[in-house]
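There are structures below to look over.
Two complexes follow with subunit A in common, the first pairing it with subunit B and the second with subunit C.
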Partner chain A sequence: MIYLINDIITGALIGLLYALVAMGFVVIYRASKVFNFAQGELVIIGGFIVWFTTMQMGLSLWLSIPLSLVLAGLVGYAIERIFLTKLIGESVFSMVMVTVGLLILLRGLVLLLFGPAVRPFPIIFPLKPLFLGDMLIPMNLLIGGIITIIAAVGLSWFFNRTRSGLRMTAVAEDHLVASSMGISVKESIAFAWIVGAILSTIGAMIFLSGKSLTFLASDIGFAALPVALFAGLESIGGLILAGVIIGIAQSLTTNYLDPLIGGSMGSVVPYIIMLAILLIRPTGLFGWRTIERV
Partner chain B sequence: MDPSGIFPTSYRADRRVVRTRWQLLALALFAVLMLLAPYLFSGRIIAVLNMMLISAVIAVGLQICTGYAGQINLGQAAFMGVGAYTASILASKTGLTFLLTIPLAGFSAAAFGFLFGLTAARIKGFYLALTTIAAQFIFHFAILNLPSTWMGGSNGITVPPAELFGVRFVGETAQFYMNFVVASIMVAGAFGIVRSRFGRAFVAVRDDDVAAGIMGINVAATKANAFLIGAFYAGVGGALWAYMIRFVGVDQFTLFHSIFFVAMIIVGGMGSIVGALIGVFVIRIIQEIIATVGPNIAESVSFLGGDIVFAGMNVILGGVIALFMILEPKGLMHRWNILKSSYRIWPFPY
Partner chain C sequence: MTDKTRLGLRGLLAAGAITVTAAMPIKAYAETTYNLALLSDFSGPYADIMPILAASRETVFDWWNETSGQELGVTLNYKNYETRYDAAQVASLWPGIKSELDPIAVVGLGGPDVAALSERLPEDKIPMFMATAAYGYAWQSDAWIFNPRPTYSHESAGFLNWMREKRGGDEPLKVAILASEASPAYVDMAKGLELYAEEHPQEIDLVEVIYTEVQPTDLTAQMRRVVRAGAEALVIQTNTSIVVAAKRGLQANGANIPIMMSSHNGLPASGAALGGLEQLEGDYEAYGMAVAADEDTPARQFYETLVADYGLEAPWNVVTAMGISQGLYTVAVIQHAIEENGADGVTGEKVREALFAQPITTEETHGFLPTLTFTPDAPFPLQGLKVNVGTVKDGKIAIDATGVDVPDLQKW
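Here is the complex of A and B:
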């Protein structure tokens, strides 16, 4: 029984980590109507920035973390300026393909710059798990989960309640309409990518803390994808619920179903949930329903 | 575009693929050149041509699905994989002739593609791209986790060579002719499909699916058909691949390969069969250059080792996709069309 509870708690916390990475997808989508396939690559670039500032430059964590976040924001801004500004008002296909191009471009660049070597990642959150009675809670995931919830509540409030957040929401509706209402689409997209890159870097810190860093870690981007779709691409608050559900489903499958069938069902379960939700309710749990008119 | 005053006077003339004598001559010359290629070029070039022919089949399928019907498909490599696995299992277990296994591979891939085409009936845009990515993951999962006696698991499957009337298709030259014949049939078929009622329905759905529905086109069926046809081509290409490499493994059909195919049709030009062929040519040439130059560079920057080819390929292809989307979204074919219309109507401006 205690194992079951432990699995559920760990699963939920991993789900919250997915939700944090997925928040990158959603924030970029909510403010620019671009679905960023290269989210996993942003995570890995964030990881390398953190590694560079702490391990290479030897800064203390209190200095390197803010510096990394600033650098990550700059990277996000640079990507937006180079690739995305020129596509404002273009078709969905162009946007999707540019981010798919970015996905392999960034992966290649990371590989060219840093090579395939395995690197130690700094220990940012304490490694010692938290014991509550018999329950064992991984500390980094717990802190990460708290950060996720704070970020979700904050960003959710920003997008739904503040004036500038609502402007970005208009951009996500339609670039042309938004710009004809006097909203700067450029600014909105730039903001989206900066926040997206910063969220990815935070995700990288939680995910990699005390582990090793290779370019393969970018797979978390694809692991987070089902969470973003399950919640619905426009809902930030919904990510928490979706992340927890998918995390628990994955954890339970890995621990109870996989030993029976001797396979890695756990890694596919999120995708099966994603396919099911896309078929039953394409907009996800809390996404917007759009009505099409001719 | 023809000069003003010249226009077809019958549907038959309007639908013609080969419109002028010069085109017929160019086509004939090209066919002769291809048939003589094994005698003209070295084995290395024939091997590259083989890769191009196989990629051409797959890219033409993707062109129909994405370029004509507008359904984003990032799972083409998975569909190709289904075809390759079907052909290799049939060939190695039942010993069927390749005349049967290649079409059967196409049909099984088409069935798999049709499943994902059904989702396209409900969702569109990047949501669709996501489900095709899911196809990619599910394919991997199925191969690696089903009992290894079925699909070979992570060991892959060895494929017996194709054989017809006692002639074994081994070696570059024999395979070249086999690939050339199959690719020619498939490309000719593609020209037929896109000029037919189905092809026109694809274009209508691509341009505006709501409007197409109002005009009486069954939008859901058209989208599913697009996937079916695209996946059929991928399956046939996969079967050819299996017979050429003589070994299939799950690593040959990843998301990256799917992206390579998409890069081909983007570079060539969306919505044009010839464009897909041009894209295949350009991308495969780039790949070949990197594969040749890469190891030399790898010696000077040794810490990268063998990964430089993969990394360089990714950087260049990613850059090419992004650049084309930003600068020339209509692809090389569009440039060629501009050139063509200008020399056709010369010396008049229009």
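Here is the complex of A and C:
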């Protein structure tokens, strides 16, 4: 029984990590209507920035973490300036295609700049888990879960309660209309990419703390994808619930079903849940229902 | 010197030259060239080890061309093709490779090559030689794809039996497996050992089989289960990232269960990913080829020759050993085919026939591999299989056992 409880707790916390990475999808989507296929690659870029400032430059964590977040924000800003700013006013589809290109480009850049070697990632969060009786809670995931909830509450408030957040929502509705209303589309989209890159870097720290860093870690982007679609691409708060549900389902499947059937279901279950929800609610659990009047 | 004497000397030199030329074997002059297609992954999951593996096997072909090849009048040309370790990529590249090179053999890398070409190579009558251990799903008769090592499950079963003997006692060894569903090969490794444990409960008590991602988020809870189940060995034949996550999970639980790794995720690679080999003190790597330890062995001596005389730029580690052994058994088979059919008479089909015709001795592979006797019954030798065991002792890789017997496994 205790194993079941432990698997549920770990699954829920891993789900919250997925939710944090998925938050990057949602922030960029809410500000630009663009689905960023390169979200997993942003996690890797963030991971390599943290690795570089810590292991290569030898900075202490107190210095390297804030520096890495600033650098990650600059990378997000640079990506938006170089690749996306010229597409403002063009179809959203072309921007989405640019993110597909970004996925390939960033992977190649990582290989080119850092090589393919598997590297040790710094230990950012304590390795020792928290024991509550027989219950075991991994510290990195626990701290990550708390960060995810704080980030979700903060960003929900920002998007729903502040003027800047509401402006960004208007940008996502229509670039040209937002521009004609005096809203800076460029600034909104750039801000979203900066936040997306910073969230990805925090995700990388939680995900990789004390483990190894390779470009394969970008696969977490695909693990976070069903969480984003399950919650609905506009809902930041919904990511928490979606993450927890998918994390627990995946954990239970991997630990109890896969050993019986010889693997393969654990990675499929999140997508099955996502597709089932999308069949019932095409906008996801908490996605906006748009009514178009003709 | 008079003119007469000078003339006499010239005549003597000319006659000598003619005699020497006539005495030399004609085949040394009539050089024949054959092509090898090398499948590589410089940008996929094995990009970290590929430069070393590629350099090692290519240097063996260069060495062979300059030694045996020159004597036989044959040169082996080779060309790398980037597959990204992707079966679809291999399948789409293959028609072009065939028409461009018309190779007499393919030098493969891993599971995707097997998946993509297992149906094509028998039609095209071109054999493929792998470096890795074999896979249960590819265990078929009349194969055209060959492995110098048995399946990963054979290797782990051999290692676990050795470990049980080392421990002593009649109790079965309690074992946990950490596998991944990310690749059919990873699932296959677990399934073979599961079947062996099921059929030999007196030898292995399989206490946990855990599936995870290739880059696991956290394995602390899973390792707690393994510790509580009393596992005495943890088999991880997947990749280095899983070894790192498992080690961290064990450390988080204050446990130190010996991990057994394979060649592609062995001690040097996993140690580097953990930040130092000393973190793997007392852990093992086991596989059916030479262990790249500090000891002076024939394999080590051959490696030193390649470095000194043929410009091999690769450290002495398991990946280099894998590349060299792959190159060596490939050229040994081709050499047998040339000796049987003449320098001009070699085809892919003849190379395959030569593989079955006579064993590849351990001397031919400079001790990198045991003597290999292939039969049409399986893509790997079924008899005389051995594994070697390496470990980390005082922060260095050391050979713990050589020539450990591999048990017979049923197909799964």
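Throughout what follows, the second predicted complex is superposed on the first by the 292 of 294 C-alpha atoms of A that agree within 3 Å, B and C clash if a C-alpha of one lies under 4 Å from a C-alpha of the other, contacts with A are read in each partner's own complex, and residues count from 1 in each chain.
What we mean here is this: a residue touches a chain if its C-beta (ideal position, glycine included) is under 8 Å from a C-beta of that chain, and two chains touch if they have at least 3 such contacts.
This structure is a prediction, so every number in the text was calculated from the model and none was measured.
With the two structures aligned on subunit A, subunit B clashes with subunit C.
When the two structures are aligned on the shared chain, A:Pro282 is found in touch with subunit B, with no touch to subunit C.
Of the two partner chains, subunit C is the only one that A:Ile220 touches; subunit B does not reach it.
Look at A:Leu176: by the touch rule set out above, it reaches neither subunit B nor subunit C.
With both structures placed on the common chain, the touch criterion links A:Val98 to subunit B but leaves subunit C unconnected. Within the superposed three-chain model, A:Leu111 lies in touch with subunit B and with subunit C [touch as defined at top]. Shared-chain residue A:Ile14: touches subunit C; no touch with subunit B. Look at A:Ile146: by the touch rule set out above, it reaches neither subunit B nor subunit C. Using the contact criterion defined above for the overlaid structures, shared-chain residue A:Leu63 touches neither subunit B nor subunit C, since it reaches no partner. Judged by the touch definition given at the top, the superposed model places A:Phe83 against subunit B, while subunit C stays out of reach. With chain A used to align the two structures, subunit B clashes with subunit C at 114-122, while the other stretches in 24-32, 60-68, 114-122 or 330-338 stay clear.
Taken together, the two complexes place residues 108, 111, 115-117, 263-265, 267 of subunit A in contact with subunit B and also with subunit C. Against subunit C, in their complex, subunit A makes its touches with residues 3, 6-7, 9-10, 13-14, 17, 108, 111, 115-120, 127-129, 136, 138, 140-141, 207, 210-212, 214, 216-217, 219-220, 223, 254-255, 258-259, 262-267. Subunit B makes touch with subunit A in their complex at residues 70, 72, 74, 119, 122-123, 125-127, 129-131, 133-134, 137-138, 141, 144-145, 210-211, 214, 256, 259, 262-263, 266, 303-305, 307-308, 310-322, 325-326, 329.
If you check the complex, the residues on subunit C that touch subunit A are 42-43, 45, 47-48, 50, 179-182, 186-187, 190-191, 209-218, 220-222, 224-225, 240-241, 244-245, 248, 251-253, 269, 272-275.
Within the complex, the subunit A residues that touch subunit B are 35, 37, 83, 86-87, 90, 92-98, 100-109, 111-112, 115-117, 222, 225, 229, 261, 263-265, 267-268, 271-272, 274-275, 278-279, 282, 292, 294.
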